[in-house]
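Order of writing sets the chain letters: A, B and C. Residues in each chain are counted from 1.
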Amino acid sequence: MELLSPLVPILIIVIKSGVAIFALVTAFAYAVWIERRVMARMQSRIGPNRAGPFGLLQPLADAVKVLLKEEIIPQDAKVPIYLLAPAVSLVPALLSFAVVPIGPEIEILGQKITLYLADLNVGVLYVFALASVGVYGIVLAGWSSGSKYSFLGALRSSAQMLSYELPLGLSVVGALMLAGTLSLVQLVEAQKNAWFILLQPLGFLIFIVSAVAEVNRAPFDLPEAETELVAGYHTEYTSIKWAFFYMAEYINMIVVSSIAVTLFFGGWQGPFFPPAVWYFLKVAAFIFLFIWLRATLPRLRYDRLMQFGWKILLPLSLVNIIATAAIMVWQG
Amino acid sequence: MPPFENLPTDLVLQGIFLLVAGLIVVAAVAVVTLRNIFHSALALILCFSAVAGLYILLEAPFVAAVQVLIYVGAISVLILFAVMLTERVMDPKMGARNEQWWLGLLLTAIAATGLGAIVGFAPWPLSKAPIINDQITALGKEFLTTYVLPFEVASLLLLMALLGAIIIAREKEGG
Amino acid sequence: MPEDYLPILIYFLIAVGFALAGIATSHLLSFLFVRRRAAKDKLIPYESGMLPQGPARRRFHVQFYLVAVLFILFDIEIVFLFPWAVVFRELQILGLIEMGLFILVLFLGLIYVWKKGALEWE
């Protein structure tokens, strides 16, 4: 035991990593289930309710189905890249969750354990860096599939993600100015007295609109506009590889919600309940918002979407930064 | 942050450094030797990402994040777009070689000799300055006090690049 | 300090392992349990039920390329903004003027791009 003690911190990290991945995959599965149930209600349908009570076992049934699908590799596919693209899409999504603080430090079996994998002093930049890497899964999938729909979908999708990354990055600058740090843990602590949504309403609005576009959700789900592009970049994918693209999309949605909660809604802070519960409730509220938007709004046309990003959101986010700076100077 | 005080941290970091450095060299060689230019571009992305690892080992996480954000996340996307935009280079029959290869070889040999000489004869002094913990704060302050002129010039440089991009792209479209 | 990133490295390796193992497992299961019906037509890329016409990876509009170029330039601006934002409280009016100039120059660039019609999509 003495000999192994240096390995305890490593072991804790390995366990935390495993738990994080398991939790994210489970959250993905149930986010899909909730989405199907909630959307069904909004459209006066019932939704999946056969597998288990309330259809709660539906994700499990789907997982088995997806795993047992026949693998089809299209004839024009560039094989190694085609097979790796889903992983390239999924890994950055999983990684960006590493800096999200779910709660403060807790103690298990005499070991102090932090409820995040790492508190980096470049935290926010780390998340954005990984978000920009996420484009590759899509570009590679579209290019390697050897299908026109995949290729066009990938092009559109990547140009859209690039365009909306700018307002996304600029919209959080106001919050960073108020907190004076890029560490997500310190950003939560900086909101002890007032959530930044109160001081940065415009910043938050730009953030959430860009976030919807960044994770390719309706009404900005152009890449998978089924009426014109079939399924976009993952048209030619089957089985688990197809599921990985979905997993990446939903995990990105969870990460973006977590960032919104951390930067604008006080993170895990809140009265009465334990911190992790508050974190969970707030993120769940955002997931619901994403679903609600999808059920409510019609899809934008591609040229309008791009112009909205460059001509409205980008200038607006710059104005927000200057306005925030001016107000902060004025107030001393 | 769990403490690593009982771990032979230096040894672990040395090992990681060797792996990262090896990856950079392999990826860089792949960039220039692969036949398919799309694959070359992918190798370049791998190389850029590994360099980010190097920056982390050099205790410069901000530079590492910027490396990923700009080089991996933006410039490489542009390179991939450029490759996909040019139909001819996607032809696998066309190798990554042209009639100027001897000139390239000559220049590379000269550069390699020069670099080799520098590596051989440089004294490699180790800086005694303590490593700043809060690098982003320090960087932000330096940008806006000591280096304010280069900082503002950078914005002009970006503006120039912006104008250049528009002029070139519009030209292409017209002709 | 580099050891702060050790958790990220370990997490990265586990995540990569998870993704690759998922793809491998699915291939194995499909190989073992799924009855394959050999049919060449199945492997043709989808094109709304028609036989594919022409190459899939065709040239595309230069606008996509232009978006990527503009993205790099404004992305670099963001990189400059982040350290500035962190120290803004200390710099106060000085920081406002200096960054105001910086943003103004790029804002002019954006207006130029806009006026040149580079943000339009046909």
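By definition in this document, a residue touches a chain if its C-beta (ideal position, glycine included) is under 8 Å from a C-beta of that chain, and two chains touch if they have at least 3 such contacts.
Keep in mind it's a predicted model, so treat the numbers as computed, not measured.
Relative to the centroid of every protein C-alpha atom shown, the closest chain centre, again from C-alpha atoms, is found for C. Looking at A-B alongside A-C, one finds more C-beta pairs in contact between the chains of A-C.
Measuring from the averaged C-alpha position of subunit B to that of subunit C gives a distance of 18 Å. Subunit B has its Cα centroid 27 Å from the Cα centroid of subunit A. A straight line joining the Cα centres of subunit A and subunit C is 14 Å long. Shared interface positions of subunit C, i.e. residues touching 2 or more other chains, are given as 4-6, 57-58, 60, 64, 68, 70-71, 75, 78, 82, 85-87, 95, 99.
Counting partner chains per residue, subunit A has residues 10, 13, 118, 120, 125, 128, 132, 143, 158, 162, 182 touching two or more of them.
In subunit B, the residues touching two or more other chains are 1, 4, 61-62, 66, 69, 73-74, 77, 84, 136. Within the complex formed with subunit B, the residues of subunit C that make contact are 1-6, 9, 57-60, 62, 64-66, 68-73, 75-80, 82-87, 90-91, 94-95, 98-99, 101-102, 105-106, 108-109, 112-113, 116, 118.
Residues of subunit B that touch subunit C in their complex: 1, 4, 9, 12-13, 16, 56-57, 59, 61-62, 66, 69-70, 73-75, 77-78, 81-82, 84-87, 90, 131, 133, 136-137, 139-141, 143-144, 148, 151-152, 154-156, 158-159, 161-163, 165-166, 169-170, 172-173. The residues of subunit B lying in touch with subunit A in their complex are 1-4, 6-7, 38, 42, 45, 61-62, 64-66, 68-69, 72-74, 77, 80, 84, 134-136.
Subunit A contributes residues 10, 13-14, 16-18, 20-21, 66-76, 83, 86-87, 90-91, 94-95, 98, 117-118, 120, 124-125, 128, 132, 143, 145-152, 155, 158-159, 162-163, 165-166, 169-170, 173-174, 176-177, 180-182, 230, 235-236, 239-241, 244, 302-303, 306-307, 310-311, 314-315, 318, 321-322, 325-326, 328-329, 332 to its touches with subunit C in the complex. Listing the residues of subunit A that touch subunit B in their complex gives 5-10, 12-13, 81, 111-114, 118-122, 125-126, 128-133, 135-136, 139-140, 143, 158, 162, 182.
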